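Have a look at these structures, which come just after this line.
Heads up, the next two complexes both have chain A, just with different partners, chain B and then chain C.
For the complex of A and B:
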């Protein structure tokens, strides 16, 4: 951030973010309790996607097991709250995040030395293993019956908590990607040999990205656990959660600051809409829409937005080829 | 043996002792001994498959030699990871260029400035400013805002050089930075390389363009089938029969020798 003076562009960007934020602050005033639940789901998905974006988007390692950290966050939060110490919610959630980060470090150190595809498979295995542990460790997790948390029913509490975490997530992401760490992550993604030769000690920095992504997932897990009251292995270690965060990030734009949030919004909107229109075919229709996005906007909506802004500003003429360039970017010749 | 030519000093900056590298049954390098003197431009030539790039990979830590040891500034770097070697002051370019495609040209170079020998002392803003300085020096500043993915091959070769220079190396390995360049571009690249050397950086230059390597090198080393077959003053080295033979084949070499005997 070399220039102190803000350009007009930055002022407009900041203003629109502010307007959006204020609008989100007033959502609970104008929406029913049921609708608010969808908004909270969007924010929790955004939080998970932001985390996945750090390892999958910026560092370029397709993690397929982040649901493990979601589950660890959920169980840690729940177990601490119902333990004999009766830890309050926020400290409990915080502990869950720390534990998830530690687990990510232990798993990451061997697994992040693997190349991309093998890493993906290994993380998938880890997610399955954590589910099995939660399922069979009866004395602690009460197996497949699951645990019950103290009841808290006001939807606004969860909505505002999630909103605050997402805003913090955006700020954290923005700061991280502008730091040396962020540059190192992108260098690792673009070419690992080049990154190493440029003086980057890749393994610890990859592990850090993985641990931070685990923190986001664990916070989302803790919040969801408290909201759902009941935590079971089947509900919290679902592969579906991993897929959702990946899809949301891709729809919005991998390796962009706002992409995961935008993508989560679009995903939640589509999911809710499709759910009400096609109850029977819900997964099929949603699947088709996702395929559409992957084929026609593989770089995500953020790239379309930034290209669109260039056209509006008159820096670029609108051309259909521009849209196709986005499609071609990820084709095999 | 003469320690060094024009620019070299007597100080040994890097010493490779008995470097061998085997890939399965293939002996890519067989007991290479080599000294690089501070301040010199050491040219390396040899036919395709002679082991030039393998040698650079072994020195720069991207690959480990099967046996032998490497001392850089007196430090044993044989088993050091490449990032640590880079921070110690040894940088390289890649023959098959490795740009960070989605980053701008300026940010590509800034990464080198952030993590190289002086990286720890620079903030990201300072690294970016230094990157601009480097780009100006090598004449790539007009592309600094472009993504690396948009560059042409000659510009990508220059970007490789810029990234390596941003690391503030004492020793720089250039792996065929002139391949694919036309005559004018080669002239410019030679001037650039001389300038880099004048700024105090010792150079190890692998090149196929014979005119270029003869024009810039203080000393020349010839590799052939993983062995060092000649070393010394450029003009003398390329007239050695074994070098001519390695490059042109036995029959042609005999003809050359024959012509010399009876002018």
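For the complex of A and C:
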């Protein structure tokens, strides 16, 4: 590779990421076990959101059923660990990820032929169906009673595992979106027919994006299963997880490398704060947050940050009207 | 299955299909005209049910009398929601309206939960439980009346869209929003009107449901999903198709659901995906809209 000189901006960006990473490495030293739990939740959400970002953000397919892969990951991990082979945690988790990817391929082949709303509702239906199957398949999943995993109660273990997976996720996303594959996904998102005319074989690439997003969700599911110990269909196939990953990605910025991680952090902060202040109105506040972001900042915080940086550098003047740009472009009067 | 049992199940399916058609009617209208999958639709059904319940509980209003009142209230709510919120982003990529109406849904359902509690409610009148026996089959009066009202509302909506000036403006806007604007249609108002009618129909469905099945604030989501499946089965583009979709859905639901209730969603959605892959425009729909 020819040697490249890094610009000042890239050096600053790399340095700030490094500082953030070091800070995250030392979190367990300064936080209580309870607070660490919230940080781990943030990282697991970031992992799921990164997965959703591949299919929903880059490829532009609004998948509403990714919790199915979360649940498949959780159950595979749990069942392998308590099986007669007593598979250790990490191999079990990776088996869960592989199985989820295979399921995603099987489901994706018919479902990814659908477009728009049809795809969204079909994936929603798939998620509901997997929950029902987990609920009824007593001989394997023990039905709605659920399964119990071996106990491991070190908060640090889960925190560092999640952190490692999120960092790997960021690296994987960055490599993928700069590859030919990533450009093909964006082409599919922008105009599928045009992409096909340019010789992109859209179906396998869409299925690949779907399967990769399933891998992220399944890893998050496996980790959550081991942490929560008890796995039931009701807890691990709930729509809420799908929504969380979508909301986190949108808050951060769809189709950006750091967006899902940033969005997950903001979501967890809001959620923790809201939980303690108004427990009963938690969904109302979440609803208001969704409505606010969809109307005023559909491109998420990453875009607000980059706009803000332009203002700081003096390339652009600050205008309140900037917040209304989305409404200006899309409203009907 | 004995023939009497079969006849009763078939009658139940037909009676059920009326109310399902009404649940899907407003949803199909909003989707067909504005390309919005209105995930808040079920929440409007819930609001209609609670409206009727409280009018009956606090003021002793007969639930059938409360239907027009519930429709007017939901019409106003729907108009404001579309005008203030959805019109702002209606031309954005579809994920925007999808998530926006989803945010509305969790907000409304949570507020209903907060103010009216999550207890299971039902409206009972002195004629609840009375019915009509024809041979071996029993037809409850309320369900029969619900079927009648639902069919009348479907017919009225179809007539309104075809024969009135406002209705034609709605259909024109659904076909081509820019062309409609050029011919002098106030598309913002028409969108608000369309959404308001959708909400009013959801309110009527909720009022009827409150007399037929026990309800709580969380029934909204499942009814939105049913409305979606029925709209797709019937086909978009002509609102009266929901009757066909609802009939098909009700028969599958009653016959399959009676045997394997725990896998009913899996079956319904498997059937839906197969249908969509084979015939994306629905059974009777045109490829024109959506």
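Here is the rule we go by: the second predicted complex is superposed on the first by the 322 of 333 C-alpha atoms of A that agree within 3 Å, B and C clash if a C-alpha of one lies under 4 Å from a C-alpha of the other, contacts with A are read in each partner's own complex, and residues count from 1 in each chain.
The working rule: a residue touches a chain if its C-beta (ideal position, glycine included) is under 8 Å from a C-beta of that chain, and two chains touch if they have at least 3 such contacts.
Note that the structure is predicted; figures quoted are calculated from it, not measured.
Superposition of the two complexes onto chain A shows chain B and chain C fitting side by side, with no clash.
Of the two partner chains, chain B is the only one touched by A:202; chain C is not. In the superposition on chain A, contact of A:38 is made with neither chain B nor chain C. In the superposition on chain A, contact is made by A:246 with chain C only, not with chain B.
One geometric descriptor of the composite model is the angle centred on chain A: between the Cα centres of chain B and chain C it reads 80 degrees, in steps of 10. Touched residues of chain A were counted for both chain B and chain C, and C has more of them. Of the two partner chains, chain B is the only one touched by A:194; chain C is not. Of the two partner chains placed by superposition, only chain B is touched by A:180; chain C is not. With both structures placed on the common chain, the touch criterion links A:126 to chain C but leaves chain B unconnected. For the pair chain B and chain C, the least inter-chain C-alpha distance in the overlaid model is 12 Å. Across the two superposed structures, the residue set of chain A contacted by chain B and also by chain C is empty. Interface residues of chain B, counted against chain A in their complex, comprise 60-62, 81-84, 86-87, 91-92, 94, 98-103, 107, 110-112, 114-117, 119, 124-125, 127-129, 163, 167.
Interface residues of chain A, counted against chain B in their complex, comprise 1-2, 178-180, 183-184, 186-187, 189-191, 193-202, 255.
Listed in rising order, the residues of chain C touching chain A in the complex are 31, 37, 85, 87-96, 98-100, 102-107, 109-111, 113-114, 177, 187-188, 191, 221, 225, 228, 232, 262-266, 268-270, 272-274, 276-277, 280, 290. Residues of chain A that touch chain C in their complex: 56, 60, 62, 110-111, 113-114, 116-118, 120-122, 124-126, 128-129, 132-133, 135-136, 239, 243, 246-247, 250, 280-284, 286-291, 294-295, 298, 326-327, 329-333.
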